[in-house]
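Mind looking over this structure? Questions follow.
Here the chain labels run A, B and C in written order, and each chain numbers its own residues starting at 1.
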Amino acid sequence: MSTDLRRILVLLVAASTALATLPWLASDFMLSLALTCLLYVGLAVSWSMFSGATNYLSLATSAFFGIGAYVTAWGFESLPYAVVVPLGGLVAAAFAALVGAAVLHLRGAYFAVLTFGLGELVRHAITYAEKTYAKTVGRVIADPPESIDVYLTVLLLAFLAVAVCATVRASRFGLALAGIGADEERAQTLGVNTRRTKILAFALAAFFAGALGAAMAVRWTYIEPASVFNPFIGFQTVLIAMIGGAQTLIGPIASAVIFSVMTEMLRLQFPYAYLITLGVLLILLVLYLPGGMASLFRRAWKPNA
Amino acid sequence: MREPLISARGVTVRFGGLIAVNGVDLDVHPGELVGVIGPNGAGKTTFFHALSGVLAPTEGRLLVAGEDLTGRAANEFANHGVARTFQTPRVFRDMSAGDNVRFGLAFAGRKRRHARDAFDNPAAILELLGLGNAAGVPAGGLTPARQRLLEIGMALATRPRVLLLDEVAAGLTHAEVDATAQLIRRVRDELGLAVIWIEHAVRVLMNYVERVAVLHQGEKIADGDPRKVAKDPAVVEAYLGEELPA
Amino acid sequence: MTFWIELVATGLITGGIYALVALGLNLQYGLMRVMNISHGEFLMLGAYLTWLAHTVFGVDPVAFLPVVAILLFVLGLAVYRLCFQRIVRTSPSVEVIEARSLLIGFGLMYLVQNAAYLAWGADMRGYSYLSDPVQIAGARFAGNSLLAFGFAMVASLSMLALLRWTMLGKAVRAMMQSPAGAQLVGIDTRVLHPAVFGLGLALAGVAGALLSMIYEITPGMGEPYTVTALIVITLGGLGSAAGCLAGGLLLGLVEAFGMHFTSPSLKMLLSYGVFIGVLLARPKGLFAR
C-alpha cells in the first residue's frame, strides 16, 4: 500500500472515530446536520469515483437512492436494519450493472440524459407495482431504529465510501478509470477492458447510493415513491461533486460539508433563491473553473505549474 | 513457411456508401519490417484501425498468431500482442511521460507477462527512446515529435508481438528520421517483432523496410521488394507519375 | 371504429408536440453538440408566458404564438451568448463541448425551474380555451387538441421547408455535416450558432404555449419533455429534421397504443423501452440508410 493511501486511511479512521462520539456530545440539531453532511459526503464521493474519473456524467443517483429506500420499505418488517442497508446497496448495484451493460457504450450526452430520466422511470415502475400488486400507495415503517443507530450507520457508509474511493484511486482499477476519462479508445488499445471497468465502477457507485438510501429511509415514517425518488438528491450530489472538483478526493468531501450546512441554514428560508444560486454557481464554474474549487487549490500548491 | 503473426484476409471497411478499405490481404511474419504507403485517402489508417481492433471490418477476417480476432474489442487485440501508435499522437496529456508508459505496462503488458521481458521497466523504455529526462513531464507538454516517440514507448510497454506505426516520421528532420528508423529496426531485431509502418513520406520509408505494400483507394495494388514496387506501373500511376526513388 | 380513430389521433396529437420539441433540441445538438438539458424548461416558460398573457391581459393564445416565438428566440440569443458560446468556441473537442454544455444545461435547469417556482408558485395553473368538443368523422376531439396539433404540424413542416429550401436552412445543414467546410465557403458561425440556438428555444416555447391550451401547467412540466425529445432524436436520427417529425409522431402513437393496452402509468417505461431498443438495434436512428 502506498504511503499516500496509508496516510489518507489513517486520517479517515481518526476522523470517523471522532465523529462517532458525536451522538453523546452534540445537540439534536447538530446531529441532524452532521447526518446530512455525512449523507452527501457518501453520495458525492461515490459519484465522483465513477463520473469524476470517467467523465460519464451519471444523473442516476436519485434512482439508486430510491431503490435502496424501497428495499428498506419492503424488507424492514422481516429483516433487521443491519441487513436491509447492504441489501439496498446490492440491489441498486445489480440494477446499475444491468442498466450499465445496456447503455454504457453510449456517448456521454446520451448516457447522461438517459440516467436523467432513470429516476422518473423507476419511480413510475414502483408506483405501478405498488398499486397493482401490493394495492397500496405508500408504506409505513413501524418501529424504526434509534437515531443514534441511523447516524452511526450513515457514518460507517460515508467512511467506507471515502475509503473505497481512495483505494480505487490508488489502484490499477482507478488508473483504468482515469484512462477512460482521458481517452477511452486509447485506453482500450493499451489493454483496458473498458466495458467491464465502466460497468463495475458504475455498480460500485450505485451500491453506496443504494445503501445510503436504505439507511436514510427509516427517517421517513411514511415512504412513498414521490418523496423517496426525489430528484433533488441526485442534483445536489452532482452539484456538490462538480463544484468541489470531481476528480479529487477532498473536493467532494469539503464541498459536501459546506453545502449541507448551507442547505440546512438557507433552504428552509429561501428555498427557491437558494437553488437558483446553485444553478448560477454551477454555470459560472463550468465556464470559468471546470476543475471545480479543488483546482484552485491545486494551482496554489504547485510551485512551478 | 512460417505462420504469419498477423494476417488480414479480404478485409473491407465500409462507412455507409464509402468504401475505405476494399478486400485487402496482408500477412506479416515475425521479424518482418513492412512498409505501407499510398496516396492520401488510400485507406492506410483505416486499415490500421481494423488491424488493431479499433474498427470492426465490414467483411473479412483478422488473425493474430492464427487466432481469429475479427470483431473483438481493441483491448483483446492488445492482449494478444498488437500494439499501435496513432497518426496524431494520443497520449494521456495530464499524466507524466513515465505514467503514460506505466499505463501500457499495467494493462496489456501485465496480461502479457509471459512474453519476453525485454521491457518491463518504464525508465528503460524511456531511455531507449531518448526520453529519459522527460519521465516526470506531463505528456501534453512534450513537443509533437517527442510525443510520437512516447507513443512508441507506450506501445512497447504492452509487450507486443506486432507493432503498428502510423506515420511516426512526420515532421522530423532527416537525422531524426534516421534515428527513429534505427530505433525501430533495433527493437525489431531484439524482440523479433513484426512491424508494419505506415508512412506518407515515401522516400523515408523505402530506405529502411525490406518489404512494402501499396494501398490505393482502399485496395492493395502492390506488395513486395521496395525497388520492384517503386517501378511497378500501377504504383507509379497512383502517385500521378511521380517516380519513386529506388 | 371511432374508438380507433380517436386513439390514433391522440397519439398523433401528442406526437406532434414531441416532434416540435425534438426539432429544437435536434438543431442545437446536431449543429453545435450543445446538449441543452434545460430545453424543457423553456417549453415551460412558453406555457407560462401564454398563460400570463391570456389570464392577465386577455390575449388570445393563438394570436400570442408568434410573440412567444419571438420572445424565446431573443431569450435564446441571450442564453447562448452568456452560457454556451464560450464552451463551443474554446473546447478542445466535441466530447468536451457535450460534457460541459450538459453541466451548464443542468445549472440552467435549476435556475429557470426555480425562478418559475419563485414567480408563480408550485400550484397547477391553467386556463380554458376551446375545450368544447368537435366532431370529425364521428369521432370527438377537444377543439384545443386539434388546434395544437394543427399548429405543431404547421411549425414542424415550416421548419423542414426552411431547412430544405432556404439558403439559411442549407447553411445550417452544411454546418451540421462539415463545420470546417461550411466556414470555408463563408458561413459565419458567430451569427449562425446563436440564431440556431434561439430558434431551438423558440420551437420549445411554441410547443409549451400549445400545451398550455390543453393541459394545466406547473414549473416542473418541462423536464419529461427533454427526455422525450432525446428519445425522438434517437428514433429519427441525429441531425435529421424529417426524422424528428416522423420519430415524434411514431413515439406518440406507440405511447397511445401502449398505454391503452397496458396502463397509463407505464408510459415512461414504454418510451424508455423504445429508446433502449433503438439504441441497441439501430443506433443511427430508425430511418438511417
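The working rule: contacts are C-beta pairs under 8 Å (C-beta built on N, C-alpha and C of every residue); 3 or more make two chains touch, one makes a residue touch a chain.
Note that the structure is a prediction, hence the values are computed from the model and not measured.
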| item | value |
| --- | --- |
| Identity of the most central chain, Cα criterion | A |
| Longest centre-to-centre distance from chain A, chain (CA-based) | B |
| Inter-chain pair with the most contacting C-beta pairs | A-C |
| Whole-Å gap between the CA centroids of chain B and chain C | 47 |
| Length of the line joining the C-alpha centres of chain A and chain B, rounded to whole Å | 43 |
| Where chain A and chain C are represented by their mean Cα positions, the distance between them in whole Å | 31 |
| For chain B, residues that touch 2 or more chains besides their own | none |
| Contact footprint of chain A on chain C as seen in their complex | 29, 33, 35, 37, 83, 86-87, 95, 98-100, 102-104, 106-112, 114-115, 117-118, 223-224, 226-227, 230, 234, 263, 265-269, 272, 275-276, 279-280 |
| Interfacial residue positions of chain B with respect to chain A in the complex | 52-54, 73-75, 77-79, 83-84, 86, 90, 92-95, 103-104, 106-111, 154, 157-158 |
| Complex contacts: residues of chain A adjacent to chain C | 55, 57, 59, 102-103, 106-110, 112-114, 116-117, 120-121, 124-125, 127-128, 131-132, 235, 238-239, 242, 272-273, 275-276, 278-283, 286-287, 290 |
| Chain B-facing residues of chain A, complex | 172, 175-176, 178-179, 182-183, 185-195 |
